[in-house]
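One structure is given here, and the rest of the page talks about it.
Chain lettering (A, B, C, D, E and F) follows the sequence in which the chains are written, and residue indices restart at 1 in each chain.
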Amino acid sequence: MSSTRIVCFGELLLRLGAPGNQLLLQSPSLDVHAGGAEANVGVSLAHFGHDVAMVSVVADNPLGAAVTGELRRHGVDTGRVRRSEGRMGLYFLTTGAGHRPSEVVYDRADSAFASARADSYDWPALLHGAQWLHLSGVSPALGLEAAQATLAAARAACALGIKVSFDGNFRPKLWERWGGDAKAILRDLFDCAHIVFADYRDIGVVLGGEFPQADAPARVDAAAAMAFAAFPRLQYMTCTQRTTHSVGHHSLGAMLLGRDGTRAVAPQEELTDIVDRIGGGDAFAAGVLHGLIEGLDADTTIRFGLAAGCLKHSIPGDFNPVGVADVMALMGEGKFDVRR
Amino acid sequence: MSSTRIVCFGELLLRLGAPGNQLLLQSPSLDVHAGGAEANVGVSLAHFGHDVAMVSVVADNPLGAAVTGELRRHGVDTGRVRRSEGRMGLYFLTTGAGHRPSEVVYDRADSAFASARADSYDWPALLHGAQWLHLSGVSPALGLEAAQATLAAARAACALGIKVSFDGNFRPKLWERWGGDAKAILRDLFDCAHIVFADYRDIGVVLGGEFPQADAPARVDAAAAMAFAAFPRLQYMTCTQRTTHSVGHHSLGAMLLGRDGTRAVAPQEELTDIVDRIGGGDAFAAGVLHGLIEGLDADTTIRFGLAAGCLKHSIPGDFNPVGVADVMALMGEGKFDVRR
Amino acid sequence: MSSTRIVCFGELLLRLGAPGNQLLLQSPSLDVHAGGAEANVGVSLAHFGHDVAMVSVVADNPLGAAVTGELRRHGVDTGRVRRSEGRMGLYFLTTGAGHRPSEVVYDRADSAFASARADSYDWPALLHGAQWLHLSGVSPALGLEAAQATLAAARAACALGIKVSFDGNFRPKLWERWGGDAKAILRDLFDCAHIVFADYRDIGVVLGGEFPQADAPARVDAAAAMAFAAFPRLQYMTCTQRTTHSVGHHSLGAMLLGRDGTRAVAPQEELTDIVDRIGGGDAFAAGVLHGLIEGLDADTTIRFGLAAGCLKHSIPGDFNPVGVADVMALMGEGKFDVRR
Amino acid sequence: MSSTRIVCFGELLLRLGAPGNQLLLQSPSLDVHAGGAEANVGVSLAHFGHDVAMVSVVADNPLGAAVTGELRRHGVDTGRVRRSEGRMGLYFLTTGAGHRPSEVVYDRADSAFASARADSYDWPALLHGAQWLHLSGVSPALGLEAAQATLAAARAACALGIKVSFDGNFRPKLWERWGGDAKAILRDLFDCAHIVFADYRDIGVVLGGEFPQADAPARVDAAAAMAFAAFPRLQYMTCTQRTTHSVGHHSLGAMLLGRDGTRAVAPQEELTDIVDRIGGGDAFAAGVLHGLIEGLDADTTIRFGLAAGCLKHSIPGDFNPVGVADVMALMGEGKFDVRR
Amino acid sequence: MSSTRIVCFGELLLRLGAPGNQLLLQSPSLDVHAGGAEANVGVSLAHFGHDVAMVSVVADNPLGAAVTGELRRHGVDTGRVRRSEGRMGLYFLTTGAGHRPSEVVYDRADSAFASARADSYDWPALLHGAQWLHLSGVSPALGLEAAQATLAAARAACALGIKVSFDGNFRPKLWERWGGDAKAILRDLFDCAHIVFADYRDIGVVLGGEFPQADAPARVDAAAAMAFAAFPRLQYMTCTQRTTHSVGHHSLGAMLLGRDGTRAVAPQEELTDIVDRIGGGDAFAAGVLHGLIEGLDADTTIRFGLAAGCLKHSIPGDFNPVGVADVMALMGEGKFDVRR
Amino acid sequence: MSSTRIVCFGELLLRLGAPGNQLLLQSPSLDVHAGGAEANVGVSLAHFGHDVAMVSVVADNPLGAAVTGELRRHGVDTGRVRRSEGRMGLYFLTTGAGHRPSEVVYDRADSAFASARADSYDWPALLHGAQWLHLSGVSPALGLEAAQATLAAARAACALGIKVSFDGNFRPKLWERWGGDAKAILRDLFDCAHIVFADYRDIGVVLGGEFPQADAPARVDAAAAMAFAAFPRLQYMTCTQRTTHSVGHHSLGAMLLGRDGTRAVAPQEELTDIVDRIGGGDAFAAGVLHGLIEGLDADTTIRFGLAAGCLKHSIPGDFNPVGVADVMALMGEGKFDVRR
């Protein structure tokens, strides 16, 4: 395990999914997975050999214990996950096929995490020993307390010289529910970030402006330039480009742009026979963070990130429990026959 | 199908249970059943051949649709089940064994049903054509709106000459959550009832007083006398007596007392190899109501009710999807060998 | 729910299928679904919000009760489904993959439905309140009594001014078993129909003649012209065009032709990653009927029908339990990414 | 494997059972087992090391192939099982619990076996090399052809000096269906038998007469005396005595009576936590036959038979796939702790 | 979590079990659980809130990773579990019922643990910070290297003032396989122990001698006296008394004897409807250790141990993932009805 | 069944696979299949109607019995499969998807088969009545005894005029484990063969030399020429050409070359939606052997072999339980729609 400690802060969720390709409750059984955008990143980083600790609040009941146990199973330190009154956030998933897209029904309102008071977190203690803090735009969208807690975490990290990784993850529906000022809060969070996982749409939300460029990469280039200008701490912006040909067939490419002029592009991979697309972006984020932490060059970093993201699409559940060697094998010559 | 229409009003719930004898989330799968105290009664009555309609509010999502569909599958008219914003009430069940009791984790706060405005129900329309209205003490315990809706339903039934069946189902934890005046509200509901499913503990809550009699039947007798005195509309009080020798072995008897001096006792049955105890009381209630509706004598009625309740203990899920013939077979000579 | 009532008449079947991609009884478990060509149409129409009633005969045993309950779960009125002596029709399904086609083993001989006397149906009562009657060519193929019952239903509908929808569904093996005069009987049924789901092969069976045109659409045009000439009541003929590239990859298009010169064509969709092809034609039929009932224009109608049929290929089981909004979403811009 | 060859003749059935303690089709899945009274005996004898061949007729489809393969898996020679037109006999099982008895729904009419012509069996060839022929009273109850085939088999065996083992298995419902003369046909079969598995009720059917003795063993003694008098070839009569205290708790004892005055009694065992009672009688029969074939003394034989029958109650499915050592272990000191 | 650290040393195993009450591979599926006598104790102690670290060697493959992950999930520190060449030890389990005992087929020879060199363990480092070391008699039985490693662990602990807990767990078959001198090696291990889980049979193996006392408790008393005399470091000897009435019904009591004259007896509990008996002894051991660590009085300690052991019989798998509150609830008035 | 008897010699294995697309032990369940390269060929040939006998050694425990029973179920004579001390060879399979290849973890060391003494086989008796002996290069790679046994089998067959079929199946990792002289031993085996399943890589291992030809068929031609020159008994060499576009999409073609100048090529088929690739080569081998045994022409033979191999990719498990008619259907016009 590396000596780099990454702290992830965010909500832990339970996914309750219809088995196979069934519609939700078509038969009376649900498959269960643990998830949560930031936890997904943490689990990946733990499987890549890093020292990862989760900061979160879960329900003080068997559901909260189960999710926490799953994180531990995947090597994440859960000593900073607090149990409290309230319920676990849930989401119900119907996995699509053919012409039928996957559908998520969220049932996460009033969760123990969303209800936790912002002042209930002692950030200097929770961030002790960390080199990185990973956050996402989902947390501040959950309500005022969660937004303030996320901001407090980011600011504490800045103050302590801990690098902040921020995944935009803009969720307008969640923001609307409590009427939060997404633009202002996200702007403050971008302002603390060393790296953002964001594309031109996120930058448009945070900084305003439009990106009339014809092709997506050009829009990302323009957005990155705007972001580097607006946020002096920001060193990297990275994102994927996804094309959904059908429910089971996507193309996925990625870009990594640096304040120093770095511009690395991983060409699109064809993802066929997709098993589970949820968590693909988090797997990508973890791959890029791994590259930065390990000091890989930009090109290797973005290719590692994309390969990690691609692998996730073949694995059921929100987590991407693959090691560095698994990802490297995919970046190699790509033999697809049985490994014995 | 009989020409008697029974309307049931109450919350519909989804049960998410650990498979077999596993602990909750010991393996990543949950078995799903529909339930709800009043719906359980309704489903039984529909299987006994009566014309049953449910009045409820469910989430306007696939979970709400699934529960409603399950009721329909069992022959309950769901045309009066409304879809609305909000979530479905859930409960998570771990089925016990040996020395380990079953455990329920409720996750029903802020459900679409609990959140429904009391004035959103048009009772004269909803009760149209009904001879009976079945309610339970769970609904008013869910919050002010639900309590007012339940009272309004009971009063409308009284005004329309519809007989009210009320299952005490006292749940102190739920009442405490919103600080409702359980005693006053339940008293008003008892006051509308033609029959109450209640024992001396319920009467103690509603009317105060203690029951120092040494044996349980004597306490029930005393409580019934007090109830008949306090509630002039009340014609019957009935309850089971359960002794839990172990998780899988209970004894279950029952009594039916009438204002007219009726006193019928069904002797205790030994319930071994219990499969699922949830809904046993509702199955009993449905059996007794069937007896009253069909005009069976008191002795047959209480024996039918107890037999229905016993059968439920052998069936997974909250519902008791057995017909009159199944119950009668059990009341007969009780052959336990394979039926071919 | 719309005020249009559709009555469907036909046999209800139980499908017993090998799980996943297994061969039949490769492992000792079978997945069960309810089905039947006409019931499949009825379930779809109920999910589209129409008032659907099934007329059928099922075995008076738990299998018959289970199938009936499934129809009810999907919102179909089963008050006109009769229980009787006899067995349920079954079929065993092995779902194919890759180079291995799916296989059906029928076990439906001597079913309660096939054995029901033609004179046991009181059609004026069974059709009471209906605007539409849906029939298919499977029913008359089951035997003399079933054929006579189907004819009686069609004729009663005609006499009552109820529109008859008839799905050709020509099954030579079934006709051969009892030696029925398929041509004559089907001709009489076509003669009652307002709309037929049929292509040039069906018309060839019923009216004789060959269709030497080089391309399929031209053959359908010619067959429709012949049909409109032969059957003065007939207003519409519609069919799909399917190309099976492999077990999991089909192309599916559709045409709707009207006596009034209507000619609407829905271009072929590529169906990849097919989950379950059974019931695809019935889902299409329901979609087209929905368009006619709702008075949609011909182009929207045939596109709605095709989209409904496409969706079915992604859903396990014979039924297509999707709503109007689900189908419309597919007819829109066709986003295939996760819906949250 | 012993040098004794036993031929079993009878129908092969597929059991389709509700999983666990569920009601039939409560959830949409069925567990499948192969069975059939005579096949159950054959499988047991094969596991006891004997050379067993089945004579039967199965459907020429994947269901017939699956049942045949299951017999082969258990070591039974299926070279004499013929494939033919027609369907497989099925039965649907709901496994009871507590107060709810198990229920069988038969769906075996018009099976390939029942439809097979009596003259389609070449008994001298089919019995070639056999020392024993095992038959049961189920086969002749299936129809005229099956009855004649069973009689022909029994007579051919007698003529060839092959010992006939006959399990009474009187099924009045099946006889009534085709109006067969059960008494006459069974009498002819008893007349060929070396050993009958029968108690006083079977003898009453075949020979008339009543058994007014107060206790069951005395009735069996009297019936055996009558049988030995009526059937000069008969050497042994044996049966179990079962008391069903509840669905999951039976007592089971057994008796073996010989023409030579042999009278061996195995005292009742308490069967608790019964897993699957189907096939218990067949397992007992196989145990007794094993004792006779191996020349064990009467006392050991009946105790071995009873122990085999008891073991079956702990094993899911119709077969009793246990070896001689497993049965002997149970006859020993009966240690019930984990075997490592 | 308490400040007491317990190190457990022993092999980790994968259990592959037949589902439900099936025979092994009766259907083609296996349920998987992690286990191992010492790990079972460790997992229990972690659930009781202690700081537990496992020392072991697992295969460097997905099986080894899975078992390690399971330990982590249950809160055990796996930082001292080493990956190495070799295979994982497996065992196959058939869960008994009624008259059929459970059966274990071991497949643990040549495991990575058994093959690990004794000198590959750095005991002072591995025991760093520990107050307790838990060992069992299974480890030295696995081979010379494992025996030497176990002895080295025990001696290092003694030298460091760490209390040694030793569970006799005498397995003659394993010792015979490599011809180890069980008596001598076990004697050396007993000599290091602060507490032994052992009864008179274990003491007989280690110290020779017979225990002619008529009742079991007296034999245990005598054996303990002999043990305290022979092993000056030994402070406690404790054991259960099990009577196996049937596969699903045992009686279980326990005794705790101290060098200082302590003699605490927990009266027998009736264990009916046993779900899984494996790991019952380990759960008991963990309960007793919890009492000693927490300084509970002897009577509470042995009752806590027995209650923990009883609970285990109701839980599938080798582990006993219950908390202190769960055990205390069972020691209370023992209400067996549903907990809500 | 044909009158040709084929004896297959090799190890029987149990496959323990993660369900669906899960990672190994992602959920606690394993699907079990029987396998083994030579057994796979035998099962196919038995389904093609030939008289197949397996020679092998299995563990004398329920695992060995289960694998043997599975072979019997598929029609293979297991009378020559010996039970002995030792363990069953296992392998754990994770089925890949998308970008993630399938992975096999072998756990077959020290199996009963690998440990069996070479002189424990009585080849003249074991080969009695056979026209063919099928072997593969896996067996000699397992160790010295297994290598000597394989050689003895091949030589005995040669001496008895039995045709030897040899599948190269070169497994360098297995050879390295015991340091066997693969080249020499395989050369001796090739020298006995009538047909080898091998391509230029196998010939390179056995005869040395390189194949610099640009395209694969030319390399195979050159290798075959070299093989026919080196091995005078060899009449045929055959192999597939596989291209793995992705985990779920391969192209598969095949060639059959004869000493007499025969050169038949089956053009590549596109294998999409691959269900299970394991055993594809064995299914091909069985198909080619069927052609040779039945005397089909070379072109039909190689097309039959390729079609059999293609079908296998659609079937879960190692076996290819399809009949001649199934394969012929695929060689026909290839209709992929549902077969009714």
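Some points to look at:
As a convention for this text, a contact is a pair of C-beta atoms (placed from the backbone, for glycine too) under 8 Å apart; a residue touches a chain by one contact, two chains touch by 3 or more.
According to UniProt, the chain labels map to these proteins: A, B, C, D, E, F = 2-keto-3-deoxygluconate kinase.
Keep in mind that what you see is a predicted model, and the values were worked out from it rather than measured.
If you take chain C and chain E together, the chains in touch with both are A, B, D, F. Contacts with chain B and chain E are shared by A, C, D, F.
Think of chain B turning onto chain F: fitted on CA atoms, that turn is 180 degrees, to the nearest 5. Centre-to-centre separation between chain E and chain F, using Cα means, comes to 45 Å.
With centres defined as mean CA coordinates, chain C is found 41 Å away from chain B. Spacing of chain A relative to chain D, judged by their CA centroids, is 63 angstrom.
Residue positions 20, 23, 28-29, 103, 273 of chain F are each in touch with at least two other chains. Taken as a graph of touching chains, this assembly is fully connected, with contact between every pair of chains. Against chain D, the residues of chain B that register as touching in their complex are 20, 269-275, 307, 310-311, 313-317, 321, 326, 330, 334-340.
On the side of chain B, the complex with chain F involves touching residues 27-29.
Interface residues of chain B, counted against chain C in their complex, comprise 69-70, 72-75. The part of chain D that touches chain C in the complex is made up of residues 16, 23-25, 28-33, 61-63, 66, 87-88, 90, 92, 94, 103, 105, 107, 109-110. Within the complex formed with chain D, the chain E residues making contact are 20-23, 26, 96-104, 106, 173, 242, 244-249, 273, 277-278.
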